[in-house]
Amino acid sequence: MSVEDWYRVDRLPHIFCAGCGNGTIINCTLEAVESLGWKIDETIFVSGIGCSSRAPGYISTDSLHTTHGRALPFATGVKMAKPNFNVVVFTGDGDLSAIGGNHFIHACRRNIDITVICMNNQIYGMTGGQGSPCTPKGALSTTTPYGMDENPFDLCELATAAGANYVARWTSYHVKELNQAITFGLQKPGLSFIEVLVQCPTNYGRRNKLRDVQSMISAMKDHALLKEKRDRLLAEGKPIPDGMFVVGTLTDRNRPALGVKQ
Amino acid sequence: MQGNDACAEGAIAAGCRFFAGYPITPSSEVAEQMARKLPKVGGTFIQMEDEIASMAAIIGGAWTGVRSMTATSGPGFSLMMENIGYAAFTETPCVIINIQRGGPSTGQPTMAAQGDMLQARFGSHGDYSVIALAPSTVQELFDLTVKGFNLADRFRVPAFLMSDEIIGHLRERVEFPDEVECIPPKPIREGMLPFEPEDDLVPGFTPFGKGHRVHVTGLTHNEKGYPASTDPDLHEKLVMRLVEKVERARHEIADYDIVNPDAEIVFISYGAPTRAVRQAFLDAPEKSYGHLNLRIVWPFPEDLLKKFKNARVFLVPEMNLGQIAREIQRHVDQPVIPIPRLGGELHIPAYLLKCAEEQE
Amino acid sequence: MKYDVLFSGFGGQGIILSAVVLGRAAAMYDGKYAVQSQSYGPEARGGASSSTVIISDDPIQYPKVLEPTVYVIMSEAGFQKFGAGAPKSALMLIDSGLVQSRPQCRCIEIPATMKAKEVLGKPIVANIVMLGALVSVTGIVGFEAMEKAVLDSVPKGTEELNIRALELGQDIAQKGGDA
């Protein structure tokens, strides 16, 4: 078997925009499941609504493309009814943290044995660029025409506080690290949460002075601060530079988990 | 045994092995009983964070090929509507128990009503069809729960057990059969697509993990299951089929009792008010009114109304303002008189007799 | 023969359990038909709770009691809410230590809570004392049927206490109650 077998080729071409980061995340995920020798017929991909949630439709396993925000409770049903399935959820920042916020914290609290990959493009891409709970302060969107004036969620801190066993953040620039994080998360008993910052040139970059894909990726690369470096700065009492976000493995622990394969 | 406990027993007997729910009066005993029983029979109980999640979880469970159920009451039923539409559109067999209480809103948590009958039929957005059963005894809460699973599987629809606080909390004697008939969904046939209908308009069911690699989506989809949401003809054909597969089978699905079909004055009831009608008939043996008791309310068995050839008037006691009376009136020329009772208490038999006498 | 029995008291006295036990005795051990239902509010403890049982030789259609023929009342609030309007033809058993008012109908005074405390050291079994008295006065179900139903329903380790409570109630009633 090869990684190509995991693609539902009769569904291609996909609907993602040119320059969208979602494809990178799907590729990293499928390489990870293939490298682990997972079986297509024992693996279920589940998603809600949004650009990210179209991913399972391009993957050749059994899959559930569900309602907005509800991927996690659907996935919980699949995993609890048949713990022998490997269950992976694709979601986005709006799907997961706005309409699905309560399901997110409860899935983490249960520490259910699934892997959740959140493509965080900081915007509602599919519906035309409205602000999300992860839109940074001051950023422009169609519903924040004068700049976002609410505070954004830190999804990783949320997942950690709520009880997930494994939490990591990377970006679509950090392909190698992301692949390693997903590979690790897939094997980890309990809930693994991997947040990936992805570029949305169409609905985020265009309105926020990041006109091309390259400048969006550069911005992510330049503002990513390795967790180890952040910890060192803190230990030395030095300030964290403005506008930086932390990447790396943020939580890795072995709390009791639910729905683990027997 | 209490009605809600009998319902859980029926579910276990029917092979239900996954329950996801959220506590709500007056249905919580169903969840409590499932929590006690399921682990002993190799099943799984999970208490979800709300009813939206509960409905989502049982759909997930159903797609693994496990008979799955939830139980709730009015406020929770409202929250479930989003994913009930998903279950209808994705043809997911599942069972939803609704122990009805007084609404709207929080209303009367500890009192009975039948105010969710139209919501069961039309509550989620868009056109679709479902099956709804209505027990009037504790025994029927057992029997119709079993039947609900079989019908959900047979037609690949959400099936609703529309009971109420009176029957759910009533204790009376129940007899459990040694074995109940469990009819699994027909499997997908060789060469067929996962959403390709057979002659009865129902596609064969292909749960996850069987190698069919089915993509299930709440978007308008083709027979492969792939999204095709901008194809007007495909959407129309799909929605028509989902409605037709249930509606045209209403004779097969119908479950009812008829008393005195030659009567001129005919009561039609379902659920708890059926017992008030039966008591009224016992109290006035000299009267010869007719009675149609419905154990299946949706799809509405309209042809049964024609069995009352001499009917001059239909009297419909309901614990709502005439939800099914309105449906009956669509199908007959005779007057249909609702006898509503709100507030949580059952119709008084003497009052039903008075209503009938006024029509003599 | 048909009995429409209403139990009332405050939440926590075991009012609903009493009705369940009586229904169980009739349906499971005495070859009769029984239906039991209850009205309840949001409180888990306190409040005026009530529960009804219909016991009949014939199948029971209407599950609710419209006019009780037998009342078992264990609190003044329960009396005011459910018992004060009892018709003259009815029979009422009251926990005479807890109910101050008296009805117009035939009334048998059973100091159940006081005696349960005095004789058994456990006021919690007052409801079972009332059941013992009820069986003795009405013969609604046989004493043995009631015994079996009580044993089915009480926590392990309390069987002897509850049977003694049942016998205590029978004893008080046979002596004509408090009155």
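Order as written gives the chain letters A, B and C; numbering starts at 1 within each chain.
The criterion applied here is as follows: a residue touches a chain if its C-beta (ideal position, glycine included) is under 8 Å from a C-beta of that chain, and two chains touch if they have at least 3 such contacts.
Here the structure is a predicted model, which means the values were calculated and not measured.
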Which word fits how the chains touch one another: line, ring, star, complete or other? line
Innermost chain, where centres are averages of C-alpha coordinates: B
Relative to chain C, largest Cα-centroid distance belongs to chain A
Could you tell me the distance, in whole angstrom, between the mean C-alpha positions of chain B and chain C? 37
Distance between chain A and chain B based on Cα centroids, please, to the nearest Å. 39
Using mean CA coordinates as chain centres, what's the gap between chain A and chain C in Å? 61
Touching two or more other chains, which residues of chain A qualify? none
Please name which positions on chain B make contact with chain A in the complex. 17-18, 20, 44, 46, 48-50, 52-54, 56-66, 68, 82-83, 86, 208-219, 226-227
So in the complex, which bits of chain B are touching chain C? 109-110, 166-167, 169-173, 272, 275-276, 278-279, 282, 345-346, 348-349
Using the touch definition up top, name the residues of chain C that touch chain B in the complex. 20, 23, 27-28, 33-42, 60-64, 66
Using the touch definition up top, name the residues of chain A that touch chain B in the complex. 8, 11, 40-42, 44, 46, 56-57, 60-67, 70, 72-82, 85, 102-103, 106
